[in-house]
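Both complexes shown next keep subunit A, but they swap its partner, so subunit B is in the first and subunit C is in the second.
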Partner chain A sequence: MFLIMKRQILVNIREKANIFWTMFFPLILATLFHFTLGGLLGQNEMGEISAAFVLEDTASSAVEGDAFFEYLDHLDQEWLKLTPMSDEEARAALKEDEILGIFYGGRERRLVIGENSIHTSMLSQLLDIYEKNETLLNRIAQEHPEKLPGAAAELAGYRASTETVSFGGRSMDNVQNYFFALIAMTCLYGSFMGMYNTVGVQANTSALGARLAAGCVKRYESITASLLSAWIISFAEVAVLLFYMDVVLGDIDLAGQIGRILVICAAATLYSSALGMVIGTVGSLSEKLKNGLVVAVSMTCSFAADLMISGVKGAIEKYVPLINRINPGALTTDAFYSVLVYEDAERYFRSLGLLAALGLLLLGIAVLSMRRMRYESI
Partner chain B sequence: MAMIEIRNLVKRYKDTIALDHLNLDIEEGEIFGLLGPNGSGKTTVINCLLALLKFDKGSIKIFGEEMQPDSYEIKRQIGIVMQNVAVFDELTVSENIDYFCGLYVPDRAKRKKLVEEAIVFTGLDGYEKKRPNKLSGGLLRRLNIACGIAHKPRLVILDEPTVAVDPQSRNKILEGICQMNRQGSTIIYTSHYMEEVEQICSRIAILDKGKCLAMGTKEELKNMIKTGEKVHLEGIRLTGPQLETIRHMPKVFSAVYEEETLTLRFEGNGNHLLGLLHYMDREHITCGRCFSELPTLNDVFLEITGKELRD
Partner chain C sequence: MKVYKGYLIALKRNLSTFVLYCSIFLAVAVGMVRLTSGESNPGSYQQTRLSIGVVDRDNSLWSKTLVEYLEAYHKVSSMEDHMDTLAEAVYSTEILYAVIIPEDFLGTYILGEQPVQTLTESGSQWEYYVNGRIDSFVNTARVCLAGTESPEEAARQVLETAQIQGNVVLESSREDLAVYNVFRFMPYLYFSILCFVMGMIQKEYQNIDIRRRLLASSLTLKSQSIQSLLAFFTIGVFCWVLCECIGIVTCAGQFWASPNKWLIVLNGFTIMCGALAASYFVGSLAKTAAAVNGMANVFSLGFCFLGGVFVPLELLTGAVRKIGQFFPTYWYAQNISILSFNSTLTDSLQRKLIQGMVIQILFAFACIAVALAVGKARRQEE
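Presenting the complex of A and B:
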């Protein structure tokens, strides 16, 4: 069996068209994605927002003790980097784009920003909230002074109802989904290998298959060898793509997650190889027809996993979620998302479990179809 | 006991009967020819023999045991050369032979020797590193054979191995088959080329429409038919009485005289041209050209079925 597997791997590797479509084509697409979508990566990332704090019109120049500064400095937010500066220093820093805004404290509070963006809006929101809270507390102090301590405590206690969610992964960028869909598509291309290798061991589909079936190789050995060789090659191709996207292009960051990612790729390529084997056993259709079937199935699954247009998977999830539970493309991108973007172990293990279970189910169907050793016609 | 016993084999493809109660016995050490036109059932017999095809009725025994799809020990002793070339385009000549030999011989050192022998045997030396798509049709056929026989099987089945092969390669292949037989392999050879079958086979079965019409050595087959030698005389001028005399010569089966050409068919074995030439000498009859043909398997097929083998 080892000899059959070794030779089958050699044959698959030397089959130029096969290797082009299953390995080089995804690498080319990854490169194109890098140059087209790569520019969008990071645009929506929530980084640190730098701002200056300038104390005006007070006798003391120490910012400590200023209520507005204390409020900003003690916010339960890690994204605001507040630096006390003089007015001249702050304006120079704003001009040089070292900071995005200047908070002025003291008798009158105000905000100066360089340009309108989502980040400066957030700075503006901070000022608005402070002003509203101050007004509210002043009104309570005037109208119901006895309720002031309670109201102050209530305002200060907002943290208790704010749930902190860990994103776990390294990116919150939706553009990443395209890269995940590309990896899922490459996993799906394992079905080509599964199909080719299956056709090659069936007497009713190829002369080579007839020669093998007429020989003394046990049936289960030839089936196992064709599955393992398809699986090994498609997994290796996905590993090459991951390395290229992570190390060479830098579009995904697998550091620390490589084990979980490889496990999901192994399950996805098993599913795809088994899917290819099932297609390979469909009657005595020609190899070209079966090839067309594999293209149709893999591209449909990739489309439904958001490879071409974003939002398809979401729409399917809304109306026919079952499709997302059986589509290997969607399951793979889900697993990637739950590892690299939004830490969600439950979703990861659900995707992994479904990929493995459905892969084994398809494998069972393929083996049942291939177990025949005598045919009605050849 | 015969090496291969086929009894009452019936194979139907829907309404078409591919094999119709076929009975064959093939003895160890012979080159057994299955001769028949395209569609006569030769390949179907082979596929049934190899347990690749389901059949409707009958039994097949090889080496005294019932042939089943999982009769791996029987299959281990069989070498198969398919009608269609079945090699990997992505592997070189020696890698292909090594792969197929490896299915039967796991020992690497032993296999290496066998592969080298198969390369020399089929005249592929010098092409070891070439891929099949770089080989000519004849060399490709030889590679197909090398892949089937490298493990030195006891029984070799060759299904039309010389289709679309140039004469030089064909001769090489036929010589190789005879050599394999001399080395101890029993051969089953299917073809619709009667000359090849006649040249190498010790016994022949003539198939048509799934039936075995006749079986025996080539001499036995030729004895089965009425007509024997055929003589053509061109540019001959005969009078009526002379033609009648010729028609009544011993063993003359038929005589056709048209446009100064006389075609005579004789019954049974033997050469009758000399006697005819003596008569012509006595009668001072001259002719432009004359030639004689001994009966062929095509004549046998023609007489049995009423049609040419190559129709």
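Presenting the complex of A and C:
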């Protein structure tokens, strides 16, 4: 059996087109993802926001002493970089995108911005808060003048009142999901190996299969060897990809979790290889047609696991969650999420269990459909 | 014109691939337009409204006031009180921020010193943005409680302050997001269709038997090359008309309103020339159908990823932008960005635009020259 396995492994490795699509293509995609999506990692991080302050309609041109400027200048916000400028300078800077907004002080307070974005909304929020506080104090002074000192004291004690909860995972950045989906796709490409190897041991689909059938090798041995070789190669390819993405590109951080990740990849490649084997046993379709079937299945599963557009998996989870429980792509990305993003043992073991169970089920189907094949003529 | 006709007959046989790619692109373009329809420039200032999830454990006057207050600024939805659910909703961007209103919200959190727990991507823009709003609520509530007679009156005043907004003026140039999002993806369509289809046809012409038969004919080598380039150009123009029409139909209103519409179409023509030349190169170099397939994938994906087609140029890092400048897709993406976001083209923008188009054409000439040189070397070898 090991001899057949060795032969199958050699056949698979020597098939250049096969190795290109199952190993080199994911590596190329990982590199492209690194250079493009890598730039998106951390794009939501808060950076510095530059704004100008212009004082209008006042006798003095010095901004110091203007209540609005003092308020902005003394804000406990490290993200705001406020620079006093003349109106012309500020407008030129806004046009050149050097600043995101211009605060106007003096009689008519306002904010001029160049675009609608979260950054300019944050600037307008500062103006809103100033206007609110002023209105509030005026109102209290009119309606309850005796309470004004107390209210003013509370206002002077303005403080931050929120705290962001930290989870076991490292990053909540959704972009890393694309990297997980790419790994899931590579696991799914194991189905190509499973399909080719199955076609290779069937007498009615390949000449090699005919020779094996005519020989003295037991049927279960050739089937087991074909599955094992497909599984070993696809698992090795995923391991290479993981190494490349973790050590060379640094897009994912597997430190301390490598064991659990490898177990998931082993289960995912088992599932994919078995899936390929089942497709390989479907009737007497040509190898080309079976190949097309594997491409369609693996691409659909990858699409449903968010490889192409983010949000597909979420929508499926909302309306037809059963699909996510049988899709090897979704199960693999789920397992990665539960290990690398948000520590969730229950989800990890559920994904692992489903991958292994469904893989074994498909394997059973493939073996049952192949075990007693007899050929009247080939 | 035997060679010329031969190319057209071969194309007819590959029409299904042509139609397949056009359909895929149409689906992607329509999807992109629908996804970005909410981002259109309204012409006036609009505050960014984020999706926020709220878990109300207090269910009191003040917790309800906070929810109502947040609703004035954001899209608020009530969430299940389960950390796993909240974490997944934040990770999948179903919501960008979650706030957990704890029990005894008034005593311990508004009047006390305890901070309110929130859940979001740590260090993100939305963390700072919504935190600022909640801080404002808590501090305003404190001021109102100190300045009014009853908690009910204070809560009402807090909600009234949510109506107060500063004077914000938006001064911006034109933004044709729909046009940008549709025409931005054109290079992928050109490179995919042309490299797959034309690469495959050109590869057939590299077959030794066909080449020998052609050599045995009365056609000169020069005539063969000119005819093959002419056939490529005819199919390229057909592809260009088809693809640009698909693009125009997808965002017809915005396209016809754009002052730069004809330049957008011209920019499409230059990238089509680049893709056409790349397909000639692929077909001349590849020896098998699998090689054409692999090269076409690597070319189309590589050029589009590194040239700022799939990911906008401003999001690419410095090193990638430098590498991207070697590809025509980079110059196409730069041009389409200029044409979509500027109503008037200043002298410097016009220079940039022409420079971009010239580089795309030069890339096409370089590809054809290399392919012809390779072909000649191969013939001499034989």
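Brief remarks on what is shown
Quick note on the criterion: the second predicted complex is superposed on the first by the 251 of 378 C-alpha atoms of A that agree within 3 Å, B and C clash if a C-alpha of one lies under 4 Å from a C-alpha of the other, contacts with A are read in each partner's own complex, and residues count from 1 in each chain.
Please note the rule applied: a contact is a pair of C-beta atoms (placed from the backbone, for glycine too) under 8 Å apart; a residue touches a chain by one contact, two chains touch by 3 or more.
Since this is a predicted model, take the numbers as computed values, not measurements.
With both structures placed on the common chain, the touch criterion links A:I323 to neither subunit B nor subunit C. Counting the residues of subunit A that each partner touches, subunit B and subunit C differ, and the larger count belongs to C.
Touch criterion met: A:H119 reaches subunit C, while subunit B stays clear of it. Using the contact criterion defined above for the overlaid structures, shared-chain residue A:E154 touches subunit C, although it does not reach subunit B. Put simply, subunit C touches subunit A in their complex at residues 31, 41-42, 45-48, 50, 84, 87-88, 90-94, 99-100, 109, 115-129, 131-136, 138-140, 142-149, 157, 161, 164-172, 290, 294, 297-298, 301-302, 305-306, 310-311, 315-317, 319-320, 323. Across the complex, subunit B is touched by residues 3-4, 7, 10-11, 14-15, 203, 206-208, 210-219, 373-378 of subunit A. Those residues of subunit B that touch subunit A in the shared complex are 13, 47, 50-54, 69-70, 72-73, 75-76, 78, 80, 82, 84-88, 90-91, 95, 99-100, 102-104, 106, 147-148.
Interface residues of subunit A facing subunit C in the complex, by the touch rule stated above, are 16-17, 20-21, 25, 28-29, 32-33, 35-40, 43-46, 77, 79, 94, 108-122, 124-133, 135-137, 139-140, 143-144, 147-148, 150-151, 153-155, 157-167, 171-174, 177, 309-311, 313-314, 337, 341-342, 344, 347.
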